[in-house]
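The structure under discussion appears below in the form of structure tokens.
Order of writing sets the chain letters: A, B and C. Residues in each chain are counted from 1.
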Amino acid sequence: MVEQAATRVLTCIQCGKCTGSCPESGKTPFNVRMLVRKKQFQSAIDEALPWYCTSCGACTIRCPRDVKPSEVIIELRAKLVEDGDIPVALQKALENTFVQKNPWGRSRNKRADWAQKLDFEVPHVSETESKRLLFVCCIQAYDPRCMVIPVNVARLFNAGGLEFGILGEEEACCGNEIRRIGEAGLFEELEEENKAAFEEYGVKEIVTLSPHCMNVLKKEYGDMGIKVVHYTELLAPLVEEGAIKLPGSFGKKVIYHDPCFLGKQNGVFDEPRAILGAVPDLELLEFSRSREMSLCCEGGGGRMFFEVEATYQRNADVRVLDAVSRGAEIIATACPFCVMTLEDPATEKGLAVKELSEILTEVL
Amino acid sequence: MSYTLIVAEVRRGVFEERNLDSLGLGALLGAQSVLLVPDGAYQVPDKFVDAIVKVKAAEEVYLNPMNMGRMLEAAFAAKGKPDNILFTQSSSGMEAAAYAAGLFGMPVITDVSGYDRDAGIFLKSYYSDKVFGQFKTAGVPAILTVRSGSFREFAAEKTAAAAAETIDAAAVETRTFVEYVEEEKTDIDITKAEFLLSVGRGVGNQGEVSGYEELAGILKAVLSGSRPVIDKMWLPKARQVGTSGKTVKPKVYLAMGISGAFQHIAGMKDSDCIIAVNKDPEAPIFQYAHYGIVGDIHKVRDKLKELAKG
Amino acid sequence: MNILVFTKRVAATQEEELRITGEGQAVDLSKVPFKVNDWDNYSVEEAVRIVDKAGGSVTAISIGDAESDEVLRRAIAMGAKDGFLVETGDVLNDPFARGELIRSFIDKEKIPFDIILTGVQSEDDQFGAVGGIAAALMGLPYASMVIGIDAVEADHVVIRRELEGGLQEKVKVTVPCVLSIQSGINEPRYVSIMGIRKASKVERKVFKADGYEKGSPKIELTKWVYPEKKGGATMLDGELADVCGQLLGILKEKGVCQ
């Protein structure tokens, strides 16, 4: 359960650190300090504004008074959700999640279809010794671009002798984006449904593919007594210690983009780099803004599901230009949303975007 | 007399082409065909019917379902009760058929797209053509609305010329026609385009639409869409292809992410060349397309952009 | 204005491959989720908008099994005052049975109304006939494919009907009347789960459908069948670049692209 009214708008001293760290500041009409101010005075806001937030979390991390501005945004959104007055595309994503348990509205019965691409069976988690659950979640289960991620990770786990199982059709959307869109009621339903499944099958460890799922399962599902990790955390030692052999060669200049929900919000910086470092012949580069300072790709906070009104240079474009200036050939990342937002502008500039598991699979 | 009463759909002086499907089903039903039509200067294909009953009423009065009851009663008085009454599956046909069914306590099956004469079974779509129900009617006359494009090839020429008679029908006051409203004119008329790139639900989200606009620009195609895309306001209403939008017949109709609901198919099936791209190999649109690609429409879009620019 | 609006819970089959069981006895919906009929969502929204302007109240009515309570709660969350469930476990494949049930329910329970709204059709059976049948049985004027309501007066409404080819027809209908609402007439509001939970506190009355006339069935669904496979398309196969190259080739051949 997420605590209600966890924000502390009244303690805000309007120092502006939030706006200073915000990836939407300046280029869009979004000003998080101003919105916190208006919340303090309970004055009316332009209803288009809260939807710019990408939930990157930078403001909350930097705030000296623990105001949690990113949570203030969720509260503002929650009010709009309650009033029913939200962008149509987001409405569709929420309604789809209500019916099919994924924002794209794809059939829940097809949630485990990705596993058909494997040449081995993935067991239901209840049939495993370890009770280690691979939490696949929506974009990896349905999006044709991202369906390779669970396939790759399953192969890597198999190669490393790591036992795991899945929930298949019983898995529901993790709810990370749903909560951030402000649909607290729907989030609670998803949380309850997933928790009930974890409990029923005695899940002991959850491995997520998306950092967004890891974030919510780890920090917002309350204390489940279950260890939650991102798959890179599990793979890094296996790759480093040689339990997973990487006989191939990857002679490319690869720049690593820290996803907000993996890096700045959950402190996983080193494992993805350790994995890339273990890939033979790979030259690892860094963005001018990396690790805690990594620039958000703008795929979070519901922004995957709709287009904001303003036209401006997207952060993904900025990011790709930086990668080009650093001499990178490939942008690697460990989040499906980052893959989706970066890929278009990268392709335009002749760069490829690869999710970490894709590089590993190429040298496996 | 055993006969089928065919209620013609007319609109703004035009005898609608989809009436031919009613004439076709009429021929399959086997009884004589009697056409009900308002008295006016319509191009009636009279060689396909045995008799014509003309209603002395203005077109708007004739199309009003409240008046339809009285016109049917007048027709019954002149010709006796028919075995079946056929309407077109259209905005006005559906409306009048349902009302008449209630009024006369007659069985009704809408959107009939098949008929098995031996078994006396009518085929009706369920779940957007994913499955069909076989129906029997208990008692006659039955009211049917006929799916456009389903039966027109069965329309058969009669040997004798159709006899015509005229009946009167008074108009009701509870529903009255005010005026026609043309949808706002926009810069582009999709019905005049030679090459339409049409996008559907598979586009996924609004953010993807601009990529298809770009592709249309590169290919010199006009962008259109199916109902879900228009309902979400991702494209203006004037760009809608389908029964509630425009009927188009371009040289090439490239459908991306359109599964092919009947309402959409009806609006584009007469295109010279239909190319469909869809992730679902079972999508109904492949049944109507000349060429098909099973795959991720966004990938196809991006590759086409790349190759066409190249 | 007192408005009765009919809302139906339907199988969400858009993304599903449907399976017919046995020798065509039934369509297997056991693994299919359910949702509110799209057209009814627009109808409820339109009903709420009418009373927001003209005053009065909206009552949502659903014919279906106990689970249909879900769409009533949804309608209440959207702004309906209350909800009635006419409970029946039977699937009413005959729109006449549905129309007759509506007439006899409203009649017997003496439910006051000025306007009855239905969706043009439901996503499952797509008959698009219930509103018209009910109107005729009740002796009320009717209009379907309503894509705009321009004026609501005490004794009449002025509406626009959607015709084919982007044309609309403006029509005046006297009140009381039955109107069937076309999708796209408005932008239905989002209904939050919290909103539905709050709506659960509003009482929904349950009436057993057995207590009303349904009339004898006029049509009978004898068998379910899959659609006939038509000729089908020539499928372009191969690598993405190859397939796209073939496609561009076809465009050139047809003379629409250089």
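The working rule: a residue touches a chain if its C-beta (ideal position, glycine included) is under 8 Å from a C-beta of that chain, and two chains touch if they have at least 3 such contacts.
Bear in mind the structure is a predicted one, so any value in this text is a computation, not a measurement.
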Exercise. Taking each chain's centre as the mean of its CA atoms, which one is farthest from the centre of chain C?
Worked result: A
Seminar exercise, completed: centroid check, CA-based, most central chain -> C
Exercise. Which pair wins on C-beta contacts, A-B or B-C?
Worked result: B-C
For this session: Please compute the C-alpha centroid of chain A, do the same for chain C, then give the distance between them in whole Å.
Result: 37
For this session: Provide the C-alpha centroid distance between chain A and chain B, rounded to the nearest whole angstrom.
Result: 46
Exercise. Could you state the distance in Å from the CA-based centre of chain B to that of chain C?
Worked result: 19
Problem set entry | Junction residues of chain B - those touching two or more other chains | 233, 299
For this session: Spell out, as numbers or ranges, the residues of chain C touching 2 or more other chains.
Result: 14, 16, 187
Problem set entry | For chain A, residues that touch 2 or more chains besides their own | 88
For this session: In the complex, go through chain A and note every residue touching chain B.
Result: 88-89, 92, 104, 144-145, 304-307, 344, 347
Seminar exercise, completed: chain A partner, complex, touching residues on chain B are 204-207, 211, 232-233, 279, 296, 298-299, 302
Exercise. Quick one: in the complex, what on chain C touches chain A?
Worked result: 12, 14-16, 31, 33-35, 78, 187, 189-197
Problem set entry | Contact footprint of chain C on chain A as seen in their complex | 81-86, 88, 90-91, 94-95, 98-100, 105-110, 183-186, 188-189
Exercise. What residues of chain B sit close enough to touch chain C in their complex?
Worked result: 11, 65-66, 69, 90-92, 94-95, 97-103, 105-111, 114, 121, 123, 125-139, 142, 172-183, 194-195, 219-221, 227, 230-231, 233, 237-238, 240, 243-247, 251-252, 254, 272-276, 282, 284, 286-295, 299-300, 303-304, 307-308
